[in-house]
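Below, chain A partners chain B and then partners chain C, in two separate complexes.
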Partner chain A sequence: MTTDIHATGAAPARRVSARRPKFRLNGYFFFLFPGVAIVLSMTLFPALYGIYMSLTNINLGYVGSSFVGLDNYVRFFTSPDLGLIARNTALFVACCVVLQACIGLAVAILLNQRLPGHQIMRSMTILPWVLPSVVVGLVFLQIFGGSRLGFGNYVLSLFGIGQQSWFSDPVLAMTILIAVCTWRGIPFSVIMFLGGLQTLPRDAFEAATIDGASRWQRFRYITLPMLRPIMLISVIMSTGGALNSLDIPLALTGGGPGNATELIAISLYKQSFFHLDIGYGATIGTIMLIANLVLIILYLAVLQPRREN
Partner chain B sequence: MTIAQQGAPRRRPGRGPLDPNPVAYIFYPLLILAVLGPLSWALFGGFKNANELFTYPPTIWPRSPTLQNFFDLFQRLGFGNYIWNTVIVSFFTVLFTLFFGGLAAYALSRWDFRYKNVLLVALLGLQLIPSTVNIVPYYMIMNQLGLLNTHAALVIIYTATHIPITVWVLKGFFDTVPRSLDEAAAIDGCSKWRTYWSIIMPLSLPGLSVAGFLIFVSAWSEFLVPLVIASNKDVAVASVGLFTFFGPDSSMSYPALLAATLVTVIPVVIGYFFAQRYIVSGLTAFAEK
Partner chain C sequence: MISRFGLMAAASVLAIASSPAVAVELNILVTSGYSPAAGFVPAAEIHQRLYEEFQQENPDITLKYELLDPGPTGLQKLLTLASSNNLPDAVIVDGQWIARLVQSDVLQSLDTYWPAEDRADFHPAVIDAETIDGKPYAVMFQTGMRGLLYRPSTLQAIGLDEFPKTVDEMMAAAEQLKAQGMSAEMVPAKATDEPSTMHMLAIYWGLGGELVDAEGAPIFFEGENAAHLAQVYQMYHDLVASGAMLADVTTMDEGALRPYFYGGEVLAIGGSSSGVKQMWSELPDLENDMSVAPYPMPVAGTEPVTILGGFAYGLTVKDPERAEAAWKFIEFMTESENLGEVCEALGILPVRSSIWENNTFFSTTPIMQSYRKLYDGNMKTRPAVPIYTAISSAISSQLAGVISGAISPEDAVLAARDAVMPEYERQTTR
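What follows is the complex of A and B.
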């Protein structure tokens, strides 16, 4: 009994002393807290706030707002433009992702050949990645738009393609939009794939070569399967990049002609800041957030087994 | 993170490509054209006068190079102000991000506590919430804080969105600094703060500069957030200025556009060529992690 009392008396004291270092000025808490607090306040909090806003009819043109439940969501899913926006977004994202993965892998394999000059080529290829994307959009707007006698038309005329007014034709406008976003996105895929290629074990290739495998067979049966995790990550990231990209579409077509290149991100921007209907804009944002959460979970799931070893 | 820790690309023994295939040379010109073609048009176009810019067939090399576009840009359009705003915002973003991110990275590198790995993964996940999704709430939050059209709003948002990647990169660097240094400092009576500032930070300068550069490039290029939060002429950054002057909605395309493009791009490109070996290795390390 005495030992019991002793134990209960000592336990809280021990717990206090074990806890105290956590909140001492020298504890990790004070190093960690400010950074984490800032991150949460400007990433997680706005996302949650956006979900709340999507349930109201808040509008920048009026004072006050009221709770409207799921009205905005009903409006989104019954909107006559939904089909067009969904089609455009799906087409845009799918084309960007596939082109970036294929061309990115081809260029990475090209740059992975350790020939004299490959390092300069690598620096050059990755250069578009650091250019501000709005600059990329505006430069290509000048190349293909501006006048029918622009630089883009001249270059294409050398290949026997007649002059086009790129931004007044719906199909051509979408083509240009996809091409420019791919041009800007390829360097990132190249960086990822190059990183992946450099970790492939050489003895597998040596063994295959001794066994008489051709270059194509080595690529098909060694490189491709071993690159799979990197490829998955790269595809997930470029899907997110294309889905959320607003800089280049806004600078290049702004959704036009008409709404032929209207993507979900452009729609969010226009509804919020042209029509001032930010409750509805937040609804589109929440729908995009859900799509992004799926991508984030996939991304972390692919990363998980790799982090453990 | 091993490559990032070294700060420079290092090929691992027994890894990497086997025999180079010279057929690759056939594709080099194609690659050069695809990347540098559009860029060279913008580069040399900045030095052409309006007549030459719109002649057909177009020229690449300017026939009578002129600096008129740059004078127009800075005197008539006041573009220097936009560049200055970008410098201010990017500078303070780098400063605050390295400060808060560095502290957090040190904590995650030196202490073991519950949920540490959860926190690291959560940071990675939060980093991936795009600003497109958060743009409407950003506007409302900054409106309510009275921070619309201020540099402070931009710095706060950029700092928050850049801390996670910074924590990951810096933690990698701090992990390479031996813990025995911390222990020696502790025996000599250094507090943890003192240890961080006087020992770990100076030893991690290469890592801090890589992270700083990545943050700088990213902050310099931000477009959507400043377009919505700070589009007023007095506080607007270069990307917003470019868009309002030369975007699809502006009535005419000035020859000054290409000059403006050059001025906006040059700091990033110069930095890129200095730091590219670190960027590439840092990024691939991040991808491998």
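What follows is the complex of A and C.
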């Protein structure tokens, strides 16, 4: 009888070990641990601590704080400014991501051609990306300064066009903001797409050309599907960049006029560093984190290459 | 043997007894702009020299300074140091924090240290701002004043001898200036930017408006106060609608207005006294052709109230011996001649009458003379209550809507109220 019991117990154990290798504390773990610990302490811990702070009423103007549950989240979702900020952020992110992807791909295709001077053009394309964002914001602030000394107005004056108040019109201000952030982000998309284009197999294009496929058909049915993984990474990165974008919008419009161009990141900044309401700022940060994750999952679902059976 | 040890012990006791007193190590927390670590070289040099002179005059005191953020995080640091019993001996604080720091037992009364005759040299509004329950708690050593900076030569060019005192006079001047392609005035109206509110406040207070009551509760949206605030909003709207002011101001801080002034596109811009020296360095011509005027008022016969605000030295130590040493330092730094040199080097405005009278820079420079007129007029500090930041933000946030005509001045007051009161409730129920 005892033999039977041991026999029945041993059989499933062998089955499990055959499916999943047993975790063993070997030397690799100790080599990996410092790196993993540093990365987690810099990413996971702040994220979790931010979530914790979002459940408190911590404010730098006061000593001490207490647990307030979901009060900050209720405050956020019942805020009268929520509609405006959500609309601004959605418009800004959507425009920046789509424009960066489209223009980035177009420029990458151009640079992938063996045109005269393409090496210099490739180097120049990266320039906006290597400039510090705050500098980009301040430079464009000078360009679109409403004064006659502003470069934009000076250029207009050469064509006999009167002085423009660039940032006092909400639509124009948002357009400039999107244009500048897109300009800053395009080089990243170009680099990604150019790298992807250079790895595409030539034989597929040659076969398609022999079969009589037009230039558009080759792009539509070969280039685009093969660039899908690159597009996924590029779009995820540019979405994160646009959603969390603070430096350029803060330097350029600061959310103005009024709060007409206020984005969620500017709102977080104002609450945390102007009103010193760190608890509420952390709440906005947590909501941004969730929004980022949701968008990434969506992109993965839509853009991830499907494995055909 | 015993006698030899006895002699050695006696000699040691005598040596200790005859040595000079142990030096007091004075720990002070100062903002970098008012310390030897200042980024502005003349400020660093004058503070370095004064610290050295203080050390020479007081060899029994060793001065040790650390830097404190001049912004709200500095206030938080002080409150945290107080809660952990780690306060320094003396500090430089924003005048706005005084009430809060007294409430939290951070600042100690200077009543027993600061002689009445010395206090009399300060502007009464300064003494009032740093006095709580009849006792002074800090020595304010400078102030920034906001007003309209203009070129007297431009004013004369349109045939005016003096700066317009009312909005109507300003509008009339604007008509003449339009012919020359100029606007009349520009003041910052950027949302959530405190200077935007400060320019408004001078006019609002001048009309008789109040932001908070004696208990610190917001009242700017009630009765007469609401009417005065709506009047100020209306004034901004009218100035822009008539072309006397450009709509661009809704996205501008004080620094952004300067190109308009430098390029001769506007007669006057709202600015702070603390930026005057920088403006001189950017456009040297201004040193001989720039003055400051009070804001034109929407109601004839009223005058704006200049906002008083600046940094102050405070005593944070309770131990009498250390407090004595800390007071010696404060007294030395705020003494008329020394403080005059600091104010002149930094281009900041003094709050001691003797400096205005005796220091050559302040008594002879034309623009400083025009600041002196503001100094001699009505001055008032911003309410030192936690809700002020929210009020300031809410009031300035409505400016763009009012100026563009998207919201009426009366509705803007109500919108500001709706933004402030939930925050006030949160603050009072903490």
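Keep in mind that, in the parts below, the second predicted complex is superposed on the first by the 243 of 309 C-alpha atoms of A that agree within 3 Å, B and C clash if a C-alpha of one lies under 4 Å from a C-alpha of the other, contacts with A are read in each partner's own complex, and residues count from 1 in each chain.
Methods note: contacts are C-beta pairs under 8 Å (C-beta built on N, C-alpha and C of every residue); 3 or more make two chains touch, one makes a residue touch a chain.
For clarity, every value in this text was computed on a predicted model and none was experimentally measured.
S.K.: Between chain B and chain C, whom does A:150 touch in the aligned arrangement: first, second, both, or neither?
M.R.: both
S.K.: Residues of chain A touched by chain B versus by chain C: which partner has the larger set?
M.R.: Ranking chain B and chain C by residues of chain A touched puts B first.
S.K.: Applying the document's definition of touch, where does A:258 land relative to chain B and chain C: first, second, both, or neither?
M.R.: Once the two structures are laid over each other on A, A:258 reaches chain C alone.
S.K.: Thinking of the overlay built on chain A, is A:123 touched by chain B (first), by chain C (second), by both, or by neither?
M.R.: first
S.K.: Have a look at where A:165 lands relative to chain B and chain C in the superposition and call it first, second, both or neither.
M.R.: Only chain C is touched by A:165; chain B is not.
S.K.: Now for A:57: first (chain B), second (chain C), both, or neither, which partner does it touch?
M.R.: The answer is second: A:57 touches chain C but not chain B.
S.K.: On the A-aligned overlay, A:173 touches which partner chain: chain B = first, chain C = second, or both, or neither?
M.R.: Second partner only.
S.K.: In the superposed view, which residues of chain A touch chain B and also chain C?
M.R.: 141, 145-147, 149-150, 167, 253-254, 256
S.K.: Which residues of chain A touch chain B once you look at their complex with the stated criterion?
M.R.: Of all residues in chain A, those touching chain B are 22, 25-29, 31-32, 34-36, 38-47, 49-50, 53, 58, 107, 110, 112-115, 117-118, 121-128, 130-135, 138-143, 145-147, 149-151, 154-155, 167, 183, 191-192, 194-203, 205-206, 209, 215, 230, 233-234, 240, 244-247, 250-254, 256, 265, 268-269, 272-273, 278, 281-282, 285-286, 288-289, 292, 295-296, 299-300, 303, 306-307.
S.K.: Where on chain B does chain A make contact in their complex?
M.R.: So the residues of chain B touching chain A come out as 11-12, 14-18, 20-22, 24-25, 27-28, 31-32, 34-39, 41-42, 45, 54, 56-58, 100-101, 103-104, 106-108, 110-111, 113, 119, 121, 123-141, 156-157, 159-161, 163-164, 167, 191-193, 196, 217, 220-221, 223-224, 228, 238-239, 242-243, 246-249, 253, 257-258, 261, 264-265, 268-269, 271-273, 276, 279-280, 283-285, 287-289.
S.K.: For a test of understanding, state which residues of chain C touch chain A in their complex under the given definition.
M.R.: 72-73, 75-76, 79-80, 82-83, 104, 190-193, 246-251, 256, 259-260, 262-263, 265, 386, 389-390, 393, 397-401, 404, 418, 422-423, 426, 430
S.K.: Would you mind writing out the residues of chain A in touch with chain C in their complex?
M.R.: Interface residues on chain A, with respect to chain C: 57, 59-64, 66, 75, 80, 141, 145-150, 165, 167-168, 173, 253-260, 270, 274-276.
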